[in-house]
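Both complexes below contain subunit A, partnered by subunit B and then by subunit C.
Then we have the complex of A and B:
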């Protein structure tokens, strides 16, 4: 804040968010969600340092051991340490969520901005988006995963494509409001190119809303990745992924309930934290809700 | 309180009404649960196990198999003769047999059945089982002559299979496409009553039936008035239905639930003497790395088949170390089976010897290339667990296995390609000879001979076995062929599945039969406990 000087007047078109993190601190639930998420991300990133076990070392003679002893959370159906599998699984799941949302934002954001900027494109582009939106996202993801085959790349594309229509909607709605602002008109009058207008004025003023929406979409994408993994259209063994771990434990739900329960709880916590955090960000960045 | 009182009263009333009806139903109806249904109940147009289960109960074959699955016994034919050249079979039929509609069973039905099946315009399945038929004719009302163009040593064994069930040819001609759907007239201990696809198939007792095979406890009539095959697609639901008594017996109970049902005092587990279904990993020998037999042997030695049997199948399977069960007809006990043990140390030594040395990330390298193989398998709990266990075991000897699991709708197409090194499969079989014919003939490339095993000696020996006119000659030829394909290490046998029938104590204990995996066989021994 202290660095505010003449430079800030030049970039006045950017939305300013003074004290956002300070205000986040007053929202106890959101803060808890943020801390939880940071801990989970840190645990996933530093997984190899946190666990002495090899996530891919199988030993059928040690399978489905209950929690306790050397294996803190027990072992899975292949006798691998479950905690280790969950840490590596979280890694995969988070990467899937992040990459999926990134691709979704790239596609959806571009469609949304173009539709708002070029009014004659709006009709055709948004009708395509409407068609995509009318598919339940799990069905859409299933169809794409079946079409593109199995593997990390195609899974990320499937996740991105199924996230894109919603992001396109949100982007277009925000961008349409920004388009009516006087500085857009002013930019046009002084002869800025379309690319500059979109990049410097439109995108930057929409960015906050898109980012907030992405936080919510992140949880949804993780859930979809887990669902596809659960249905067997996710990643191939031996890669650990939370949805597949939950699915694998389903057969043993009576025999060894810890496998499915632990993986499902972890998905639940990650998705809930994302949603709480997304809500908090929306409140914080919405000028109309400023206290 | 009020509503509780009235509810209790109506419940008591309902119980009062239901009690005698339930007792009656219990006495006269048995319900078997299974997870999938047949496409139709026409023995000549289906290959499904679900069809075999029903067809063995409502129909019969000329000859049948004893419980050892090796000895051919009289069925509808009380005796038969084979000509010395092995080309003419003369069957003498029983005279006391009648169809469910009361019509007597004669040679015309046998001739009509085979003619319909082998009719070139008819989309019949599994026609190869009949051999190269020259003619079939009725010598009189109770004698049938079956003539072949060339000897076919396994004909009598194949004749015990459900595709050979004798139908009522007049009914088949009248009903056309509806035959085996709306009705089926057979000579079995049960009569086909009704079928609601993917729901239930209802059979009733064939009252006149007295001609059961000698190896069954009960010669007829059936011990139960009504028998229902009910479909419960979800395995967990099926287990719950057995636990609560909604069904009386099933052999579709998944291995993980066996321990659970075993704890129920009202449930008992029954096993046939023998049953043949083997799980294996096949190796495509035309792929770059797998052309070297040492690598194939190393793969075989690295996989712990005993752990798969104990852990993944919960002991409901036995570790296999040959391509088919040792109890099977014409199994060669003299073969060297050392390559099919679990011996990871020897596996590593073989890879060292072949020049594959430890590389980065634990994967072995040779000439700058990693020892990386790909594996096609099936989705589904047990298959996936086996694939992961195999992958884990191979990783321990430095082989990187890329597992690709496909849904049943896609996997058969994938397995036709030349793009994989290893594949996962399980198969039922009747005899060693049948397995040899199916998998190891060069004419069966690319599928089901997915290994691309192309060996003139194997082809010649199998052909010799097929044309043999004595059991000894047949054994000698098949046994040599078996030794060749085992010596070459083309598969890693994993486990022989046991067939476990889970039965409630509403039934008297009985001995299941392993024929074609249809464990209740003709259902004669299913008798309600009094």
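Then we have the complex of A and C:
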């Protein structure tokens, strides 16, 4: 007996399913968000090349200058160039957001996968997550930042820990669906170890949803980082960080509104872009929502 | 036909039972569902034992216990004379290499994120039957064995049809050189035309590799084609077990008779004495007393409600779990002979005489 005719049932050419980015192109808003975000990231990365000023060079004679002239966005209360401060501040904020989400995914993802894989752990682990979720993340972040002290490391840990419960919940929900699939049992029959089953079967099949959720969580985390900076529990001056720049400008908001406004607008644009993009990614990866 | 005596037995199942604990609305309403109840059978090397029965009779649970996916509640599974339960976890894992499973659903049983090559290589790598260098050759050999081509190895499961995926599943099971393959309804999710291909593939693999199969199915025609021996299950019990020929020709247990009578026969207008069963299968949460079949059995007597019948061996290699099977067999039962409908028979005789007159000889029985 032979196989079904060669390539008769398997299409010779791969089915021409439109790729992710081709489908993204049809979503104008998401595309705009993606481009905006790319521009902001590029500007942050190449900040030293884009601006002739030093973000930490103070000049008290040039305090709170309005936008225009040599300083495109004016200067802040210490006479530092605001545009330069914003570029470097975006850098810090993006790194904070990225590191925070990475740590959150590591912790939350591990909790979620373990809870889904070992049914016995599900109760205890997810109840802990529920307790953590019942705190507003800003309160949680505040408590952690106060506990761990002030500095980049503790801020990133605080951001990661406050992002992790939500990521744990999303991961567990996705992984629990994947656990129902027969291929999990097929892997077990073959004699795969639990570790292999988790990373090669479970994680690979829920990675897409987790990544999409992380995009949404990225905006959330940046907002939290900025809020903590605003409240003085983030990074300390003179480090440029969007939240603390906005906080500094608050004292002079009637005298020189451009400082707070520019920083806040930048945070707003980054977070909005992340959310729009995350939503678009979720729609794109969800086969049920495919148009 | 391979005999199933102790010396030549590959796998022996002795008094295997599985009860599931089923949650009710409240915690104190937990009940015990007896899915498999004290079943015993054995499989010889190179033999196919079919497990047939209605949906929910416990045949899949029995198969899952053999491959280690479900832990038995009681009873023993002996593989080549060694009790699986007494082994250390490492020995058990090594032993389970020899017992593999082919799944019913070829769509759900392959990890969609792995290529076919990775899927087939995986079991061989896990058990150290191939290393990173030799595995490509092994994958190609296995693909050839199940009738797929080398170029299929780079593709993903979703690019294949149901029959081809089932071939991938078979190649995956074969990759660890098993002795016994539990086939859990391997063809019931496939088109009829593809079913035949897969069944023939399983058969030719058995001839070439000396495999044993535990073939779980409710498709009687497939069972008839493939098996050496047949075990009929009803509500978690084996009610009749024996050589295929004996069981299909003269079913002894009333349930087996009804089951065979319910299967369609490829003969136009065939009229048969049909032993139609009344009612549904009782719930395994609350099985009937005595013989579990007695509420639906047309021959049930008062004794059937009290005593659980044991499997008693007959003279032609079969065992039947029924109090009355000998007297039923002795009685002039309405033999389930196949006859054509009167109209068809009339037409056929007309055709035969016409064919004889014209000199052509086309055999029609």
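By our rule, the second predicted complex is superposed on the first by the 273 of 291 C-alpha atoms of A that agree within 3 Å, B and C clash if a C-alpha of one lies under 4 Å from a C-alpha of the other, contacts with A are read in each partner's own complex, and residues count from 1 in each chain.
Basically, contacts are C-beta pairs under 8 Å (C-beta built on N, C-alpha and C of every residue); 3 or more make two chains touch, one makes a residue touch a chain.
Here the structure is a predicted model, which means the values were calculated and not measured.
Looking at the shared chain after the overlay, A:50 reaches neither subunit B nor subunit C. The larger set of touched subunit A residues comes from C, when the choice is between subunit B and subunit C.
Of the two partner chains placed by the overlay, neither subunit B nor subunit C lies in contact with A:35.
When the two structures are aligned on the shared chain, A:58 is found in touch with subunit B, with no touch to subunit C. Touch criterion not met for A:70: it reaches neither subunit B nor subunit C. In the superposition on chain A, contact of A:183 is made with subunit C only, not with subunit B. By the touch criterion stated above, A:121 is placed in contact with neither subunit B nor subunit C. Of the two partner chains, neither subunit B nor subunit C is touched by A:139. Those residues of subunit A that touch subunit C in the shared complex are 1-4, 6, 9-11, 14-15, 181-183, 185-192, 196, 200-201, 204-205. Those residues of subunit A that touch subunit B in the shared complex are 56-61, 63, 77-79, 150, 232, 236-238, 248, 251-252, 254-255. Remark: subunit B residues 254, 256, 259-260, 304, 307-308, 310-312, 379, 381, 384-385, 387-389, 391-393, 395-396, 402-405, 407 touch subunit A in the complex. Subunit C makes touch with subunit A in their complex at residues 67-69, 93, 96-97, 100-101, 103, 105, 108-114, 122-123, 126-127, 147-149, 152, 155, 159-161, 163-164, 167, 169, 172, 176, 197, 200-201, 204.
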